[in-house]
């Protein structure tokens, strides 16, 4: 696995910078014969694309994906994957010609500015360059392909918390998720967040968020112990997303506060025989790194973006003291647009594990 | 990277089951010329080994490691790494001949019993087989080698919380850590935990724990964006440890509750020039997946072990309803013995990133 | 390493089919700070591109490469690599709209038609699809980047034999190589080959060839035993090129006919001290999988292309007996255009080994 | 894939030096449920082990393999693979206490002495250390497991040529192969070789050899284009064996001397339908990197060992001119004992490709 590649058998490699001519991904290892056109990918990208509400960045990108390889029209007239690498590309359109001299000269704390310079001695500072969340569009595109590899699985993510304000589990309504600009399953919380995020944006401030993701239909047996455990792969996948600082599987840190009795996930025979029925799911559907057949659940913590209006102490490339603040368009709560990315990474991990399982266990 | 291998350049592969003749690891990619004998590894294993206090399992294993390859005595009489694979082995001694028929026939909920059967159709049920925490001894051994690869780094882990009872940061005293059976840096908390864990053990119950780990001396620049980000690798490493259900870098989930202003890590020129001084470390020493030069910090949640005296509903291999309880020796709080394992995985990630960085950036 | 990716640290992934909209490569792991523009890549592509003489295919492709990511203009005004993935793309221009129904329905023996169908159940048959030698353009592009990673190394390949007619080593003149359409270092042989290849082309027949490649300036020490030995990597690299059926390092099969005395590569102190002087190089500059500091040499056998005018027995997709012949434009001797590809793969292997060596040995 | 690991899904990692306490391999990715005991491995090791005739080294090693993990006795009483890593170990017994000071101080030309020092600055010189052919015993052990993964495949290797003296294809008799100490299928050639090898041994000289290997029963479709092509993997596998300098698939270099007509492998419908019948196999059973269903054939060139009695010019570690000769036990023709190693590598490549194929194509 190289640095810009994710996955073992179903794998994708992304390339591109925020303000380069384009961004792209190469998906390798995809099984052949899967019906695939741009129409299977575009809707997922549309969910993520910027400029859709006043609560996200005002950058305007159509994010129109092109499939450049790996598909062919079969005798039935349907375009299908051929088993060869699928090249996906999105041209960057709205690279607003702006003056980047302040970012070029001073490091924005909390961003990758200082560290890229420390590592490479050199960086593309325009819009964050390679470290921009713009790259996540390609994860969403790869994830759209991954979903087709594991059609038996349904993946649903939503925002469970913004700025410390949580949804009420009792008010959870999956149908609400697509009805508000926050991917929020609790209508009341969505109303509260409207003000919360609006105020933050107006103040040039930012808010953190927690995204939850549930995958149902994952068969018992997927997962590859010990160092490709399903939970280990999920943790790596989620933590590789921009601004993510924490990952939990199932009850996560709460499990550390339970007793063994409280944390038990008892089993009993199911009506249909196999798989058994579990009467709890503290473990998030994974035991010993392998799926139990229950819903696979994880929680992902997004920090507030470091792009804020309030000036923050920093240094210039030459090491002089200065301050920096971010005026332009940005997401006041990057976790919101993280929802489709979290789903995509879940899909990619599961597609990979499905093929890994098939490789070893037939 | 295969299933039982961790790392990209500095990598180790573990093998072995709880009740097989031995367990082992092969460390590949280690630089040559590093002084290494069993004495460099054994002390770390001794920290982890079972049977050291009444608060951990009573299995008695000397855990004496042997180096079977990859070292040679140089002209100076010192045994050093040769750059070839280092084979490490520990013989299993205390495989108490016990009746495993109940575990063979019924699945212990929360353990990997059901999932290994679901995946492989077959499992070594003695003591958990491959899914036993016994395997972590080899991570500690590999970690001991990794430490020698990055001698500039100091790694310290400790238990920060057991059963929901946290240490008081104001009472943090690193010297305390080795003075109590809990790797606890707060003497008062250690006293409280003594009763807490003792009671749990007596009741045949179990407790979760949170382990914190800090690595100092990590130079700015280590880390390999985007899919081998330092935090992503750490998350995968920690989540691959038995019983771990959550990982945080820096403030983790707490960061999701902060505003951008509160979460900022401002920089200023340091007295000595480079690296700059940071006046906060919410990010846990990592920005954009690359080390900032600050301490790298993470938190790891261990669930309570599922081995408890209280009978739990489960099913037999044939799918019949039954109950199971665990009577034998076990750890009432597996997080405690997780401390040296967390340190070892931190060391392995950093050694790997150090070599990756050298590969690309010289 | 995935199926369409080559390399371990310096690695490239190619994508694209002969008749798709474009072909491309993503180069990952390239060190930062290397001056790189399209002008550093295009000349190598121009050496390989089709339609340059009557001895190669008449397909007309400008093969103009674009760099889509991974470079940035530094403060000195020079565009340099940033350490992030370098995306390279060439649009397919001359996808002549031709009738592929015969190829769609019947398998061309010797081509990948039958095997792709057997593997994937489905294939892009236009011009060979993914199995077309067109993909090798991207290897040449990646190789151009690789050369810049190891500027101390000089790589030279040439055709040593066509249709069994060998060059005379006594007439070897490196300056001749670029002066004839065969990359032939022996002017007399080039003259003979002119007739040989012309006749084959006119008859709709084809010829095999042997390409030799020499890399000088490879420092002693590069190479990674045991399964990433320099010779093992070279063998894999060369054998992955279309139409290649044999690889030799140094004397290759001839070494199997020598005695140990004849095959010895004696060493003696060099005037300059280190490295020593070798008085022979039967081993092709590699011992134990590691470079000796001598020129690294290999020989690569290209079969005659299976695209010939003479009808050959084959079967249809439905399994019926039929015959097939190739009328269109094609290379009468694919080994000729293999020369820049062999050089490129040598460059990629050496760049990778250079970084691998630095990773482990500093 | 790390340096001492071979394979992608079915993979093995070897460790150990010629004169260390033991050598070993860890086989990872093996499917579960395969019956496996030491008795399935030992016979293959016995074929390779030294000291069996006067034509191979007189080192006496019982080479008794132990399985330390990855198997478990099922309910049917049969020991089977569990899907976890299989650790294999052989103790080194005959590490004759000999004076290695000459080898420690001077480099044996043709061996890895100089290059290991150039790379690592340090080496275990006893018996060649890690570069010793002793490591190939573990390949044979891993290969024995691989055979069980692809039971539909039969693999046969033999020596086709020693010191330039070839077998007569007309006299090929597979039954002869096990009847002489040369794995020679031509009884007359075996008789000639007896004198040839005996003379070489007596003179302290050495001879090269060519080994051929044929795998039948490989289904059409195995192979993973483009950089894990079946022929590319085979080339890497074979070239990683000690003393190998050339690899051919099918007709190899001879194909480079044929016309397209001569080299054609025509197809026709077979009596049984699928797969078709091929009326020739110049391609060695591989087209486009994918198996055609015909026998997969390769040829491997072994150089004469560099351990000869005649003194050869060399230098000391300090760079002084000297001479060195090899007096002790050694193989006069290392290609002979290469036969089981070539078979093992073929088995490992095919097992890996079988699982890769299943991963992507179900």
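To keep things simple, chains are lettered A, B, C and D as they appear, and every chain counts its residues starting from 1.
As a convention for this text, a contact is a pair of C-beta atoms (placed from the backbone, for glycine too) under 8 Å apart; a residue touches a chain by one contact, two chains touch by 3 or more.
Just so you know, these numbers come straight off a predicted model, no measurement behind them.
**Q** Averaging each chain's C-alpha atoms to get its centre, pick out the one most distant from chain A.
**A** So the farthest one, by centre of C-alpha atoms, is D.
**Q** If over half the contact pairs have to be identical by residue number, which pair among A-D, C-D or B-D is the repeat of B-C?
**A** More than half of the contact pairs of B-C reappear in A-D.
**Q** Averaging over Cα atoms per chain, report the distance between chain A and chain C in Å.
**A** One centre to the other, that is 38 Å.
**Q** Suppose each chain is reduced to the average of its Cα coordinates; what separation in Å results between chain A and chain B?
**A** Inter-chain centre distance comes to 26 Å.
**Q** Where in chain B do residues touch two or more other chains at once?
**A** 2-5, 9, 14, 29, 32, 83-84, 119-121, 130, 225, 356, 360-361, in rising order.
**Q** In their shared complex, at which residues does chain D touch chain A?
**A** Its residues touching chain A are 9, 29-32, 83-84, 225, 355-356, 358-362.
**Q** Spell out the residues on chain A that touch chain B in their complex, using ranges where they run on.
**A** 1-6, 8, 14, 107, 109-112, 114-116, 118-121, 130-131, 135, 161, 163-164, 200, 205-210, 220-229, 231-240, 244-253, 255-269, 273-276, 278-279, 282-284, 286-293, 299, 301-308, 310, 312-315, 319-321, 335, 356-357, 361
**Q** Touching chain A in the complex: which residues of chain C?
**A** 2-5, 9, 11, 13-17, 20-24, 26, 28-29, 32-33, 66, 68-70, 72, 74, 80, 82-87, 119-124, 129-130
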